[in-house]
Amino acid sequence: MNTADTAWILVSTAMVALMIPGVGLFYAGMVRKKNVVSMITLSVVSALIAGVIWVLYGYSLGFSGDVSGFIGDFAKILLNNVSIDSGNGIPEMLFMLFQMMFAGVTLAILTSGFAERIRLSSFIVLGVLWLTFVYIPFAHWLWGGGWLSRIGSLDFAGGMVVHVSSGFGALALALVVGKRYGYGEHSIEPNNIPLTLVGGALLWFGWFGFNGGSALHADRIAVNAIAVTFIASCFAGLSWMVMSWLKGKPGSLGIASGIIAGLASITPAAGFVGTEGAIIIGIIAGIICFIALDFRIRKGIDESLDAWAIHGIGGAFGSLAVGFLADPSIGGYSGVIYGNSGLFVSQIIAVVVTIIYAFAVTFAIAKIVNYAIPLRVSAEEEYVGLDISQHGEVGYV
Amino acid sequence: MNTADTAWILVSTAMVALMIPGVGLFYAGMVRKKNVVSMITLSVVSALIAGVIWVLYGYSLGFSGDVSGFIGDFAKILLNNVSIDSGNGIPEMLFMLFQMMFAGVTLAILTSGFAERIRLSSFIVLGVLWLTFVYIPFAHWLWGGGWLSRIGSLDFAGGMVVHVSSGFGALALALVVGKRYGYGEHSIEPNNIPLTLVGGALLWFGWFGFNGGSALHADRIAVNAIAVTFIASCFAGLSWMVMSWLKGKPGSLGIASGIIAGLASITPAAGFVGTEGAIIIGIIAGIICFIALDFRIRKGIDESLDAWAIHGIGGAFGSLAVGFLADPSIGGYSGVIYGNSGLFVSQIIAVVVTIIYAFAVTFAIAKIVNYAIPLRVSAEEEYVGLDISQHGEVGYV
Amino acid sequence: MNTADTAWILVSTAMVALMIPGVGLFYAGMVRKKNVVSMITLSVVSALIAGVIWVLYGYSLGFSGDVSGFIGDFAKILLNNVSIDSGNGIPEMLFMLFQMMFAGVTLAILTSGFAERIRLSSFIVLGVLWLTFVYIPFAHWLWGGGWLSRIGSLDFAGGMVVHVSSGFGALALALVVGKRYGYGEHSIEPNNIPLTLVGGALLWFGWFGFNGGSALHADRIAVNAIAVTFIASCFAGLSWMVMSWLKGKPGSLGIASGIIAGLASITPAAGFVGTEGAIIIGIIAGIICFIALDFRIRKGIDESLDAWAIHGIGGAFGSLAVGFLADPSIGGYSGVIYGNSGLFVSQIIAVVVTIIYAFAVTFAIAKIVNYAIPLRVSAEEEYVGLDISQHGEVGYV
Amino acid sequence: MKMIIAIIRPEKFEAVEDALAEKGCIAMTVTEVKGRGEQKGIKLQYRGSFVEVDLLHKIKMEIVVEDEMVDEVVETICRNARTGKFGDGRIFVVPVEKSVRIRTGEVVNGEN
Amino acid sequence: MKMIIAIIRPEKFEAVEDALAEKGCIAMTVTEVKGRGEQKGIKLQYRGSFVEVDLLHKIKMEIVVEDEMVDEVVETICRNARTGKFGDGRIFVVPVEKSVRIRTGEVVNGEN
Amino acid sequence: MKMIIAIIRPEKFEAVEDALAEKGCIAMTVTEVKGRGEQKGIKLQYRGSFVEVDLLHKIKMEIVVEDEMVDEVVETICRNARTGKFGDGRIFVVPVEKSVRIRTGEVVNGEN
């Protein structure tokens, strides 16, 4: 066992774990006071669902064996044969846990799509199905030896597995669940911006573990990953700020959104591009995610907390950018600017497929669940707020 | 010196340090608005007291030498002879600091027992005495080579040293200090659930360092510890959620309590049981701590923030569970299910003794302090709130 | 590459990154409700500015080459030649990133001086100039091989580079920008003390990485650094608490300020003094920073969030204390009490020079910017608050 | 002079505010309150049993106007705050005997 | 019609609310306020000197009722909000000239 | 008896409170409100265009006093809350028919 690598991934795992409630806090400040508890709880419950599924069968289906390139097998259900010892590198048990956190974060991001209107029980059912039929396949395709990795598609830390899946999934869910009551008619204002920024701070912090830990070693790739991650987030924060300044005032939520857009966009690329690539990705991420958000609002789609505009578009953009900007001196892969167009093709295929699959399968799951048990609370419950109606609690007294 | 182990314990120490104010934030959201500052400050001051005591004599009494199995000696007062160098493993100075944080967290947990009614000055006196006469002996008995460790009792990361001590100590304190004015007559509602969940998020994060760091190496035991820690917390969060759903609505505070119950319960076991053990411990922890909390409320005992029900019962249960479930392939010790009942006997002895000692000695200390200087603020001060009366501050304007 | 050192600095870098919004949260709870968003955003934008400047030319000017002892050269602009590989120790890219975070934290601390009255656009211009003409020179002088390090001045983790620069800079800025409207006439009360304490908790946590990471290895110096850091903060928190208790009630903000005073004061010394030194530094830090704050208030200077009293005075005091207390068995340098007065002389020179330079150059920059574009918002904007006037946002609904 | 005290749904506030401004009625004082009407708030069905959420967030507007303006203001609020469902709120009119503008000290006495 | 404005201890609110509901008086508007009575709040003894905490949290209930209900409501509030110690609060009765139900537009005029 | 409802700038509250206490007028109920006057709040110039910030934080004080005290209290508030700039606030005087001290049950009837 490499103890230094193990030390780094032990910490990274904890950092990614912190991101799960971090997403909840980030989201919770942006909803109305009557749903602040609900929004955090959805993320906390995401961790619980992911933890249980992962132990029972999720890890096995994602990372053990392979069935026609599409999914793993059941050899490691209940963490059977997942060892705490290891030859070199880190123990498999640690890898399993690190991956578990990713599943949790992804499900937490997805909760954007039905914020302020989902039934808790339906969310649990939906979460189990979504992890099983969307997240775990994606993890297998790109990280578990599945077909996308075999055609050469790269996803360093989850541009597609995490961000495209949750972003486009959230969009599908928003369409199935429908708009919040009164959306577009009266303004829905963030109840507690400092809370959102607390969550944002934890996400920024956790992302060092998310991207840096994805190197699985405390090595040059980890160093590159955290450097490009932070740099991309700074440039994206600034470019979003400039965009919003051109249209009005630069709000703190905008700057934070820009930072997260940069983080999501650099995620698939963090082990493949250098600092110049990070600058380019960052600047563009801030601009296109800003435009996507603007588009979403103009279309009147209530994908409430913009997982689609920020994670979905950011993750897709970053995954394509890998095909352009991958620098062989970093991760050994070359993009278009280093004269290789093959990678770019693989990336396009992967992005297109994951977008379609994430949207379509999430849509189907949502429709099915909605048919069996309504996804949405009643109009009265929505009016009163989910904190009281789902949790019997009041956020602030 | 093993630098990888050192790196891991450096980080773990910081993570456990963060838990100290984390406890304060977790508690503070659950009290009334007029005591929110007080509740956080009690935890912050716990860190200060623990830091000072530990440097002056606490570490020495806990971990240097041995006097009849009961307590250490004074050879390392003022951190005399505590070196920053080391043969192999981590430097003793780092071990000392890591242990210091545990003392701080434990004292912070204890503040549950007299929330919203303690005088700050009395708390300081009480804290010094409690660390000296309860915490430090426990640390010596189980970790410093004292009598319980000699009879073979195991406590991986503090099921008894941390959780039984503070949980049953808080119960004793609640009985000595008495109920909050109006307790049981009018409802006392949490003032800021998001704040509690911020604190809970930091605790969840810190617990990776708490349990994982207790391996003192970045090794297979650390990996096992963080895996079983997170898994147990997920199952406990879910089982608590189910329990509360059966009786009404599943609140966020309940889910968070379940998670912490799972964390407290797995703490003594994290280096000895595998993932199946963690699942069992987690599920049961969520159920029995829920029942304990319910029992506490029905009895009308104002152990205000449930350190007893969650930490006390959870820590005791987990310590017993070690005797059943310890898997020799993990930590080298066998529990009943691996055909060894000796460990179970040692665990029973340790749990019974620590429960009785923690309760009785805390009770005695509290009575004595209360005799010398009242523990409790005046009725007017309690009515106005501790923020104004003890700190001259107002939490939110 | 030493992977254990790398693992530790990867984490330290993330921890220091978390301090940047941490400063913002800490400050934001202490301003009025109408400026809470602004205060956090100033810190977030500090990170963005520092990130961009550092990549473009900041790292190069600070740490590449040397021009007459005063400043570096342009050899590493755009991170040219900054490698992710390394001989031994950590990769330069990681060192670059770790240093980047320090620049961000320092700029965030500086925002104390113009809290609740700065124009966002002016702050950005000011921030760029200040990093360029104050922070980067200081970093070069003490850490990049510049003249102060050549005359033997020591600054372990930023007593002068970070704390004197931002503290005395904030003082100069407060004088140029002028008092907040109504300051001294009606009371300006903290709007959200729990938020400040959340920020404070993150700072306390991050400081382990700040001081411990400054060892650049996971070694005995890192161990010493985090031990003395925590110990000094505990003693400083207590001594401030005692001071404030003598004059009235011990507030939570006071205790937190004392802790931060201890942290700032031990920063320059953390790799050079032992635990006794830390106790002495801690106790004195709590006292003199308390006195400085009291003095500042009596003088009617609106250096609003006391960067001067806590960071400026603390950092200066700690830097001098190195000259007295440096223990050769720790870092190889001897202070006065070990019979060497040479170091003390170097420290005096460094402290005096950095104080004068930081104050004077910041003053000049502020005057120039203020001449070109007003630093301060209009009276109406100030009255309405910066959240609405600069960001178009409302903190809490 | 009368004080018109209107308790309305928070989500209708903007609409009411704009409609009043159009009528030239700009000045007002706004408070966040909670309230319940005669229906005891809202009933939520919850696993067979009913839970009553009795105190719901409302916005209270206090508007002091000349007597002749009262009916127009009341009517404007009513029209813009109405959804037709329980919980739309109430308007109360209270006599004001005197009104003082602090900035100028100018006093207006009501006819009451 | 009258508006009964009762300023009570927060911890007595539930009891008052329930007692009023029993009397059939359900509708009300509730505001969190701070207040002090003639005693200037509460005096805390602090190291020899006294500190006055002048503004304490209170709950303000506004209840509009028909004239004939006033005495019963006032009496019910009084009985359930009383502790007998300073700070129990006050009840004020203010005339209401007109009351409108927004949902229906229905207007009730007071006799005032 | 009258209820004096004063809406003032938050930053003037302390001064007003102290001035009233000097006059022996201690009891009061205080609420945080938002408001706008006839100027529609404050106009901020922002890159050529104007942004109106319409609802600004204010403090509402409610003080019930005997009729003969009204003028003195109003005058004291006016003097201490004034800055001379827009937004200083308003004072309204409303009749109170009855006042009850909950602690004692003692009732005072207004002359209205």
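Should a chain be cited, it is by its letter among A, B, C, D, E and F, assigned in written order, with residues numbered from 1 in that chain.
To be clear about the criterion, a residue touches a chain if its C-beta (ideal position, glycine included) is under 8 Å from a C-beta of that chain, and two chains touch if they have at least 3 such contacts.
Here the structure is a predicted model, which means the values were calculated and not measured.
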Shortest path length from subunit D to subunit F (each step joins two touching chains): 1
Contact-richer chain pair [B-E vs D-E]: D-E
Centroid distance [mean C-alpha coordinates] between subunit D and subunit A, Å: 44
Centre distance in Å when subunit A and subunit E are each reduced to the mean of their C-alpha atoms: 50
Touching two or more other chains - residues of subunit E: 31, 46, 94-95
Shared-contact residues (touching 2 or more other chains) in subunit C: 2-4, 7-8, 11, 15, 33, 192, 198, 202, 249, 392
Subunit C partner contacts - residues on subunit B that touch it in the complex: 1-4, 6-8, 10-11, 13-15, 17-18, 21-22, 24-25, 28, 36-37, 40-41, 44-45, 47-48, 50-52, 55, 78-79, 82, 84-86, 90-91, 93-94, 96-97, 100, 120, 192, 195, 198, 202, 390-397
Interfacial residue positions of subunit D with respect to subunit E in the complex: 2, 5-8, 31-40, 54-55, 58, 60, 70, 74, 77-78, 81-95
Subunit D to subunit A touching residues, read off their complex: 11-12, 14-15, 42-46, 51, 53, 56-57
Contact footprint of subunit F on subunit C as seen in their complex: 33-34, 182, 185-187, 378, 380-381, 383-384, 388-389, 392
Touch list for subunit A against partner subunit C, complex: 2-5, 7-8, 11, 15, 32-33, 189-194, 197-198, 200-202, 204-205, 208-209, 212, 217-224, 226-227, 230-231, 233-235, 237-238, 241, 248-253, 255-256, 259, 275-276, 279, 330
